[in-house]
Amino acid sequence: MTLPVQRPRSFLERLFIPEILRGLYITLQHGLHNLFHQDQPTVEYPDMRRVMPDRYKGAHRLTTRPDGKVKCVACMCCAQVCPARCITIEAGEDADEPIEKYPVQFQIDMLRCIYCGYCVEACPKDAIRMDTGIYEINSFTRQDMIHDKAYMTDLMDGKKPLAEKFYRDQPDQAPAGFDGTQDRVVSVDDSRGL
Amino acid sequence: MPTVKINGIEVEVPAGTNMIEAAAKIGIEIPHYCYHPHLTVAGNCRMCLCDVEAGGRGPDIACNMQARDGLAIRTDTPRVKQMRKSVMEFLLKNHPLDCPICDQSGECRLQDYYMDYGQYESRLADPKVTKHKRQDIGDHLVLDAERCVACSRCVRFGDQITGTGELRLFNRTDHTEIGIFPGVRIDHDYQGNLADICPVGAITSKDFRFQKRVWYLTDTDSICTACATGCDIKVCHERNQVFRIKPRRNDAVNQSWMCDHGRMIWQDLTSLGRLLQARVEGQVGNTDAAMQTAVETLQGAEPGTVGVVLGTQASNEANWALWRLAKDALKGASVFWCQGNDPGAWDRVDDLLIDADKNPNTEGVRALTRHDASIGDGADLAHAVREGNLKTLLVLQDDVLGRLGDAADGVAVLYIGTHRNGTVDKAAVVLPAAHTVEQDATYTNRRGQVQRVRRAVHPAGDSRPAWQLLDRLGASLGKAPGASTAAIAFKKLSAQVPAFADMTYRALGTQGLPLVAPQPEAQTDQASQEHHEPAK
Amino acid sequence: MAHFPTPPLDGHGPVDWSPEDQAEIAELMTHYPTKRSALLPILWMAQRKWGWLSFDVMRLVATTVDLPPSEVYSVATFYTMLKKQPTGKYLIQVCHTLSCKLAGAEQIVDHIKKKLGISEGETTPDGMFTLMRVECLASCGSAPMMQIDDDFHEQLTPDSIDAILDGLAQGQPLPSPRPEVDQWTFRSLES
Amino acid sequence: MENHWAELIVVLIKCVFSLAFVMQIVPILIWAERKVSAYIQDRRGPNRAHIMGIRAAGLVHTLVDVVKLVVKEDIIPDHVEKGFWFAAPVIAMSVALTTFTVVPWGDSLLLPISVTSLWGGTAAMEIPLQVAQINGGMLFILAIGSLGVYGVMLAGWASNNKFSLLGGLRASAQMISYELAMGLSVAAMFMLYGTARLDQIAAQQAGPIWNWGIFGVLNSPSFDPLVLIGWVVGGLAFLLFWTSVFAETNRMPFDLPEGEAELVAGYHIEYSSLRFALFFMAEYAHMIVGSAVTATLFFGGYNIPFLDGAAIRAHSDLILMVLGFGGVPVSLAFAFIAWRRSKRPFYRALAKNDIRHREPRFFISMWTMSALSALGLGVVGALGLVGGTVLGPELLAFALQTGSLFIKVLFGTFFMIWVRWTLPRFRYDQLMDLGWRAMLPTAIGTIMLAGVWVIVREAVHAV
Amino acid sequence: MDVPKPRILTRRWGLAGSHTLAVAEEHGGYASLRKALSMAPADITALVKASGLRGRGGAGFPTGLKWSFVPNAEKRAGKPVYLICNADESEPGTFKDRYCIWNDPHMLIEGCVIAAHAIGAKAAYIYLRGEFKYVKDRLDDALKEARAKGYVGKNIMGSGVDVDVWTHQGAGAYICGEETALLSSIEGHRGQPKLKPPFPAVEGAWHSPTIVNNVETLQVVPWLIEHGPDAYRAIGTEKASGTKLFSCSGNIKKPGVYELPLGYPMMELLNDECGGLLDGHTLKAVIPGGSSVPIMTPQEVAKATMDYESINEVAGSYLGSGGFIVMDERADLVDVLANLLRFYAHESCGQCTPCREGTGWMFSILDRLKSGDCTEDDIRILRDVANNIHSRTICFFGASAAMPVQSFLKKFPEEFFGRAGVSVPDDWRPAASAK
């Protein structure tokens, strides 16, 4: 049910015309500004990309130890906490003395993933991260949307997040705070037009 | 019986009962690691410290406080909470906290009590003492000494239950470490219990290692059918797949233990010899067709040449259904049972739990024979076959042909069973029966304890509970035993066989009931009545 | 800090009691109501006979007292005087608990270390001496002190240490037991 | 009747011209709708589609849309009332186009040679720049325009769908309601003009800008405080008429026939492909016609202020020179803008071999050529090459006047778009309230005031 | 103080060859045994009870009362009774038992046989600590002599009483001085304390009633038989009768064992008997009864007398086994406490949780504190851990390890907080006294 709110109105206001003109003036201002300035916040994807903030939850990756093995010990905390039940892990016995356990299989069904990031929070070993900044997660087949251990381990090797690569190649257009020598974007001034 | 007061609640318990058990009786949980109801009191974990209000000096440990009049303790004071918290802190002082790779996590006392009484904020700045990890101490066991809280349960198990004493605590101070003597491995038949009683993840099962996180598993109460002991078990399964079997406490049967062979019975579910489809003359086919053939065979047989063989491997319900089938649908069929058949490859015997009789329901069948004197034994069966009096045999999970050998050539055998054996290969018709963990039923153990099994997973393949198959067979023959569900079958069984009098599934509960002792006079009367009743 | 070494796996090889030992063991067992009570004395015997307790020795002791070998190992690791690792001919144990510490046990240890050229827990290259620090040996009144094998050496000074160690090294040990015990006994009588 | 054939040909040409006039603006409007809305909302608007790398600020999208709409499957639902359903979009479109026939887009074109002379007639021929010179021209517009409701109504009813029926009902009720105010406001203007012929109405507004209908003065020779009455009449009539045009074209804030939330697409919910395109284009055609009629009634029609037909013809060389030389810096300015845009980060983000790198180059050269052409035009004017000819001044007048109307129409439609992205829509009761309780009485009042003004004006003239 | 200083325990010390049977017999040895064998066991127990003799091992439990806890033959249903002499002297600061046995083994043997007769034991064991090998050798020799003379063995002196006395050597575990741990050790188990109840007097060694007494306690018994309870009561204070051996060590001129009547002023013990502090040094603290008892400040030392009650009243400390450790101003108490805790961390039996994990934890904190790598929080944690161990363990070891920490932190907090680089917080003292 709608309850009409009665507001006291002056005659001019009731006439609407001055108000309409005011509104028209505002919109015209915007229109003209944009006609002469190309500073809209729109990012002209895919030719240009937005640098994702550090904590943007992109595609998952599996981190590795210095010896190249995945850090994951198949504790299933992520699989347990996942509200979409999209993580499948099969554990196996590792030869390493203190580690003992590793994932023979680690799959994430990205079609079911809701990018909540709980898996990252639940992980006791910092083995899974969503810091790739990769947001183009798509495929032509359902099978390819199931990311497996090998894929997620290699995700960052030679494939830095595309936006970063872009700004590394085009340093003069990089947002304030972008440091090309570091791995991650330090801070992003999102209000700035690109 | 002395009366003690726990948190102001009075409870009457037998003399000598300790306060952990007394408190459990009124629903108060006193946390503990080293105490185990079937082992001696060690009192070294200090987790069960309670305040003593009267009748002693406190604080004291509940496990070593025996009930006596005037004793009053409290478990809910701030000091008790603080004591538990501090003990938890001490226990975790040198614990590696490797829960992510520890199979115990999810059923670990350290985790449970930490959540209940933990410090939550770490005060430990000093390095931990390292100990030996991942030691192979037995065919079924892995030992991680770092996770150990030195409760000595495993040591006492080895001393008091198996008497082998391989595990010991070595060194002293915080370097105290559980271990075995080099070159001496644990090789008794009760290794799995060590993993069970270990309240933390120090001793874990090699068979279950990394197979599944326990919180995914569902427990179904059942009993072990590997031998006549009938140990109470929990079947742990997820999504129609069994992952492990653990013993369940039943002081009348197995206390808290079970043997390693029993733990592996779930592997029979998918073993090579498992019957998953019906067979007619060795040809695999569908159950309906096989059932039809069986009916035709039975109907086509000359009266008086049909015999049925009860199975000590099968449940009470199935045996009862077969017995009724013989009495009602197959008029004049003679009934037999054979003792001590099918020992299988596993022939270990001891005086703890492993029985020489590998048939889980020998006593159940015997109870039936006590009731119906007309049931012949193995010798009668062999005689009847040799004489050629029997042309058709309906066999319930019993390797009759394997025992009779060539003498039974020419006898048409209809077999109902779970696994392949000598009879299956020669049988005219084979109907696949469900395994014990796939059905609801009851078994009677060597001491006459009638206990339930519950369905944990779906029957594999086309197999169905034997009582169900027999009920369908009876229906096709014109008179079904009336076993539409296991509960109904058991209800009729208890009404007809006095040894099972007044038993119901509900009454059996989780611990089962002993058979009603036979009363010679009444038994014969009743038996003759029962015997004649169907004929009317 | 407490150190509980794990015995090396290569021990003495097959070992057995001599008939005299067996007689002694039999006699020992008559002292106690149970066989296993003689475990500690037998372990002592074994240590005197074989120098230290290897797994082989412990296995033999286990058979002698009808116990699982792990039980013997468990008991042996509980007591610090039962050696789980081989030591030099003379085991020097310097007390460093409170009274001895107040009397200067640290200097004693340092002196021995310097003299023998080894640090704690080590054995001299010639296999003569092993130096260890131990907790209180109940000789606080005559601190600082050390124990070499079964003998107490008390009221140590660098000079007396030199004399003792040199004597041992030259096969001329001081008479045992040390006379200081008697001397210090009279303290209480003088008052 | 010797000229019949010639006239027929001329009329046919004029029909084609008027059709083209309307239909070429439609795609521009569709593009403008998208781009204006984007800019008003601080967005980029369409900019992806391109032909050979030329995106033309999103214009290509419109082309692609047309292709898409033509090529798409034409779904004819089983449950629709076929005949009416087919007819509805045709009605909607044809009504919009038909009304434009009476709108003049110039005074007349005096051809030095007569077409009929080919058959041996008179030497010169004056062609009025209007398809049909009807006496009740404005009434014709009202009459035909009100037929537009049939298209909507039939579409709504014939679709046999609750949503479209409701949409149709709303549309028809809205259109009928606002036709009243529209008719009455036009009636007031009739009283001022003394005629309903649009060519005459337009001709009356030639000359200085205060001759425009919106001022309601109409050739009043001198300024007098009483002129204010005329201003009020003209202004009110304009407001009423313009508002009604919004309502008739179903534009915001009167777009009640559609409504995502309650009606989905409204009356054309069942239409697809080209049939939907007809509705779609009819709306824009309506806007164009509405704007053209408003311009003719209130803003001098095809007339350029202070520069009537005769003046153009008299000073054609001068005008050409001014236009030509004036066009050069304008074109160059655009070329500069195109160059500057080529420096945007976007182009640097593109791959080196990306075809879209052509676009700035294309526009720079285009505007440069445009500047050259303007320069040529100016030179032509300066040399006086046009004024001396017979056809030249005529064609210049035709071009300028048609261009004038074109610009006024464009402004009108732009205004409609502008309003759309400024105002929120009405509630249906508010819509009816406005139509019946505010606009209708005001329109009647305007007529009365117009009567007063006509009398006063005559009195003033008399004085 | 000019009080008589009777020599009860040390009466044969200093005689040439005092450890030999001949010298012992010459000076009254085994005379009491003859007398005792003629008495009824219950009478002996009553006599000991009347004398007010308290256990000299540390706890000060009345000896006669302890003996009377042994169930009578009917109740114990054929189970034998055992007497065990605790000579596992291992408390830092205590070294009297070694002197007792070394100087006068026959007094111990005589005491053992009398006590065994009193409680009805057929076997008595003398549990010597492993390091006392040479003491054991002398005791074994003495036993051989006594056995040859018929003072030990079957039918002693024709009285029909059979008492066998055996020596048993430990192997380096402080905890075996705890009576139940000693029982475990003598049974051949790990020397871990047993749960109480059942108490040893009811169910001790080999599940039989067992009495465990300190060397000093048993050595008093022959004198009691000889002189009667009243003579003993006349010495010492009302609640603590008799004399006691004090083992004095630390920064004093004359360390050694002194036999003094209980109730002797502590200051006089320090200045007169022990010869006072080394020249030029001042008293900083005293540990009055072996390392595990709470420390005392000089003010408290001035007020206290050497008996069970006074020390407790004045300083909240205990007489313990009489290990009197004196520290002068050079002693760094952080270092001293770390030294003590290293001892406890090394000697914990590892059976029950708080002590197993807590002693090591306390030591590692103190070890850090020693080097100053420590914060105020660590000191609070240290006190917390000590409080969490105290009286929550199976045996008294936990409290033994916790009490020094608690008392050091309570009485000398400046030293500890100073090491952490902060001043003593305002809330420290009241909280410390609350415990």
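Lettered A, B, C, D and E in written order, each chain numbered from 1.
Here is the rule we go by: a residue touches a chain if its C-beta (ideal position, glycine included) is under 8 Å from a C-beta of that chain, and two chains touch if they have at least 3 such contacts.
Keep in mind that what you see is a predicted model, and the values were worked out from it rather than measured.
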By label, the chains that touch chain B as well as chain E are C
Chain A and chain E share contacts with B
Tally the contacting C-beta pairs at the B-C interface and at the C-E interface, and name the larger one.
-> C-E
Sort the other chains by how far their Cα centres are from that of chain B and give me the top one.
-> D
Relative to chain E, largest Cα-centroid distance belongs to chain D
Most central chain, Cα average position | A
How many angstrom lie between the CA centroids of chain D and chain E, rounded to a whole number?
-> 116
Between chain A and chain C, centroid-to-centroid distance (C-alpha), Å | 68
Length of the line joining the C-alpha centres of chain A and chain D, rounded to whole Å = 47
Where does chain E touch two or more other chains at once, residue-wise?
-> 173, 190, 345-347, 349, 360
Which pairs of chains touch, using the document's own definition | A-B, A-D, B-C, B-E, C-E
What does chain A use to touch chain D in their complex?
-> 17, 20, 23-24, 26-28, 30-35, 38, 40-42, 44, 47-48, 166, 170, 173, 194
Considering the complex alone, what residue numbers of chain C touch chain E?
-> 1-2, 31-34, 36-41, 43-44, 65, 74-75, 78-82, 96-99, 101-103, 134-143, 147, 150-152, 176-177, 181, 184-189, 191
Provide the residue numbers of chain E that touch chain C in the complex, in ascending order.
-> 5, 10, 13-14, 80, 89-95, 97-99, 102-103, 123, 125, 129-134, 164, 166, 168-174, 185-192, 206, 208, 245, 247-251, 254-259, 272-273, 287, 291, 323, 325, 327, 331, 335-336, 339-340, 342-343, 345-347, 349, 360, 363, 367
For chain A, which residues are in contact with chain B within the complex?
-> 73-77, 80, 91-93, 97-101, 124-125
Taking the complex as given, what residues does chain B use to touch chain A?
-> 98-101, 105, 133-134, 209-211, 213, 215-216
